[in-house]
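One structure follows; several queries about it will come next.
Chain naming follows the written order as A, B and C, and within any one chain the residues start at number 1.
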Amino acid sequence: MGTQFLKARQTKYAAYATLYIVVIIAVIATANVLAYRYNKSYDSTSNKRYSLSDQTAKIVKGLKNGATITYYDQSTHFAQAKDQLDQYANLSPKVHVEYVDPDKKPQLAREAGIKSYGTAIVQVGMKKEEAKSLNEEGITGAFIRDLKNTTRTVCFVTGSGEHQIDESERGGYSRFKDLLGKDNYEAKSINLLQKAEIPSECTVVVVAGPSGDYQQPAVDAHASSFHSGSADLTRIKGNAIDGPFPTTVADPPFSLSSPPWR
Amino acid sequence: MITVSDLTKRYARHTAVDHVSFEVQKGQIVGFLGPNGAGKTTTMRMLTCFLPPTSGMATVAGFDVLEQPFEVKKRIGYLPEMPPLYPEMRTAEYLSFVGSLKGLSGAGLNKRVEYVLERCSVADVRDKLLGKLSKGYRQRVGLAQAIIHNPDVLILDEPTSGLDPKQINETRDLIKSLAGDHTIILSTHILPEVEQTCQYVLIINKGRLVAKDSVNNLQNRARGAESLLVEVAGRNGEVDSATVQRRLEQISGVTRVVFKEKVQNRSAFEIESRKDAFVRGDLARAIVESGWDLNELRPTAVSLEEIFLQLTGEPAPVPADEAVVAGAN
Amino acid sequence: MRNIWVIFQKELRSYFVSPVAYLLLAMFAIIFGFFFWNSLGYFVYIGMQSQMRGQSMPMNVNEELIRPLLSNISVVGLFLIPMITMRLFAEEKRTGTIELLVTSPVRDLEVILGKWLAAVALYSGMLLLTALNFAFIFKYGHPDWKPLVIGYLGLLLQAGALLAIGTFISTLTKNQIIAGGATFGVCLLLWVLEWVSGYETSTWAKVLSYMSVITHFESFAKGLLATKDAIYYVSVIFLGLFLTARSMESLRWRS
């Protein structure tokens, strides 16, 4: 038989309906928040132009703290940058992107030391680095620099007619120095004739085509630092290196993004 | 077949249906009689599961309208006051659509569509747009969609409204022919309609059920308090209305004589008599014996108001223990 | 289940009996055709210009031509979608046929899905017309086809979402015009939300921007199938249809 219904049936229904709606909205909101944080994209473009390289992905996803990319440009240009910068934001919920128009907020721009339109500053934790260019290379490079605790030093041996990183004429490796700088490597020269010791801060030692043989002390210095693992050795093609060097040479532990020399 | 118990529908401002109870047996045709706004449509909407009751209970074919509406809907054919026609569909197309909604399909559906097109006399407009049909045809298509799935129960809300006399008769005949196979409830505010088509009648007023009885009984009760119209003329010369009136008032059983009008030599009176008194014979004799001409003696139509007055004379509505509509007397 | 198909067929047929469907298809085709012709002309012009100047600036058809056109379609859709959904329930309420639906052994959900799917089907027809335009590009060039497919998927999802909202609004009134107007208002609001908060970064701005239907189309336009955007659209579709169901239910409980 039928049950007895109260007059309050109408209000009971209203309450039930409202509750139902609220719950569903909460569920949907949660699902969306989760989807937003753990976003995955399938890039159907043939050259994957909207995806970042694996290297970048590894770096960004491995971020422990939050990172912010701030783009300074006239607001009409925001759209162009958005494509690129959004990809970073999509990789990790820890990455945030902000857009600042220096014309509208000159104060902020000045504080950040912005000198030209179209600059992106990558900040990880307390460290800020300016991206050298507005593409994956530049921005990821800035990330890399931010993340480095120490600067890695590439030591170029001098004293025996090797190519000098201070020389800007033909045969000089000054361009090499610049490029290393972009990748956050510091380049400096060491003169083994003066002091037959490889400084400890050298992560890589480059012997750039000496014209003469190395003296024994220099050789020993190389050998010891090499064997002790404090430095890795790189040969540079071009001029053959003869002489009493250990013939096994370790492969470079890193790859430079663009070999600058021929 | 249909059981309604204490059914109530209350809105914020007023109560549309107030503790209505009745039962309808299988195969009966029951009329739902009442003025506009009495609660007929609301009650029907509750039976068809369109509206939920505020309290009380209703079952159709053993299924509760609130607990098992799906089962109820399968067994009901419903014609609302305004037939639910899609103006942009054609007749046959529409009937086919309704049929599939009700669960028919394939060859069975087609057969039923053809059948109801014939039965309801709408076959000649099968390809016409519903929006272009006349009221008469619309009503018939409405009836067709109600019976298309051969339901156990038909609920028809004012099925003859807006029809001309010929169509009204046809529709009533059609409804009568459907009885027996189907259980029918139809609502109306026209008494003769109930008299012609239904076996039983439920009278509802202001949301309350004030009478449930067989049509016969109702007629008897109504006739008991009928008025008569009498026209008297002078045989030789003028006749004085006041004289006639006084003579008529003397007849036993007459409670009141009202002078209506005098046209030339003829005087018309309305005569009210007691419930149990049959005064026609005495009236006629009295007039003739007085030397007057009896031009006309007829009962005036019993208006719904009068019935109501009679039937709602008692303050209380029909008590709930009269659960079954009384059998024919 | 079968009832969904029954309702779907009836609704779709109804669209094509009145001039509404034809009008919408024609309008959409003409408007988009114009945009397409315009953009293509400009594209070719720029290409020729750079050739004449001797620069071989490789212009990516997908990027320069297809992507903005897809965004165009999504905006044009915003304006036409209210006209599709406004009659879905409002008309039934007005003519009283809703009483037929509610008293038949058909579930509310079947009615809702049938109607919504019919609206989606109609819009798909409109999208197909625009695809004809793109077919030309393929005849004369070699654009990347996959991003285009993803783009259309995004358009479909976006439309589904807006159509679901429109369906819900249609249950709220007997008057088609009001339903259409309100739907248009909501679509407009959802569109504008993205403009307003596009480049701000406060939380409020981000939330508002997230709610805009346009925001989530961006990735599809580029050819990216992003889970967060797909889930957004599916959520809105679900929410719209859910609210429609509640609204239908409440029809019985109100007067």
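Brief remarks follow.
Operating definition for what follows: contacts are C-beta pairs under 8 Å (C-beta built on N, C-alpha and C of every residue); 3 or more make two chains touch, one makes a residue touch a chain.
Only a predicted model underlies this, so the values are computations on that prediction, with no experimental measurement involved.
Greatest Cα centroid separation from chain C: this falls to B.
Taking the mean of each chain's C-alpha atoms, the chain closest to the overall C-alpha centroid is C. Separation between the centroids of chain A and chain C, computed from CA atoms only, is 40 Å. One finds 88 Å separating the Cα centroids of chain A and chain B.
Chain B and chain C have CA centres that are 52 Å apart. Those residues of chain C in touch with two or more other chains are numbered 253.
Contacts with at least two other chains are made by residues 10 of chain A. Multi-chain contact residues of chain B (touching two or more other chains): 52.
In the complex of the two chains, the chain C residues touching chain A come out as 62-63, 144, 146-147, 149-150, 198-199, 201, 210, 219, 222-228, 231-232, 235, 238-239, 242-243, 246, 249-250, 253.
Contact residues of chain A toward chain C in the complex are 10, 13-14, 17, 20-21, 24-25, 28, 31-32, 35-36, 38-46, 49-50, 75, 78, 83, 90, 96-99. Only residues 11, 48-52, 70, 73-74, 76, 78, 80, 82-89, 97-98, 100-103, 105, 145 of chain B touch chain C when the two sit together in their complex. Partner chain B is touched in their complex by these residues of chain C: 2-3, 6, 10, 13-14, 17-18, 95-106, 252-253, 255.
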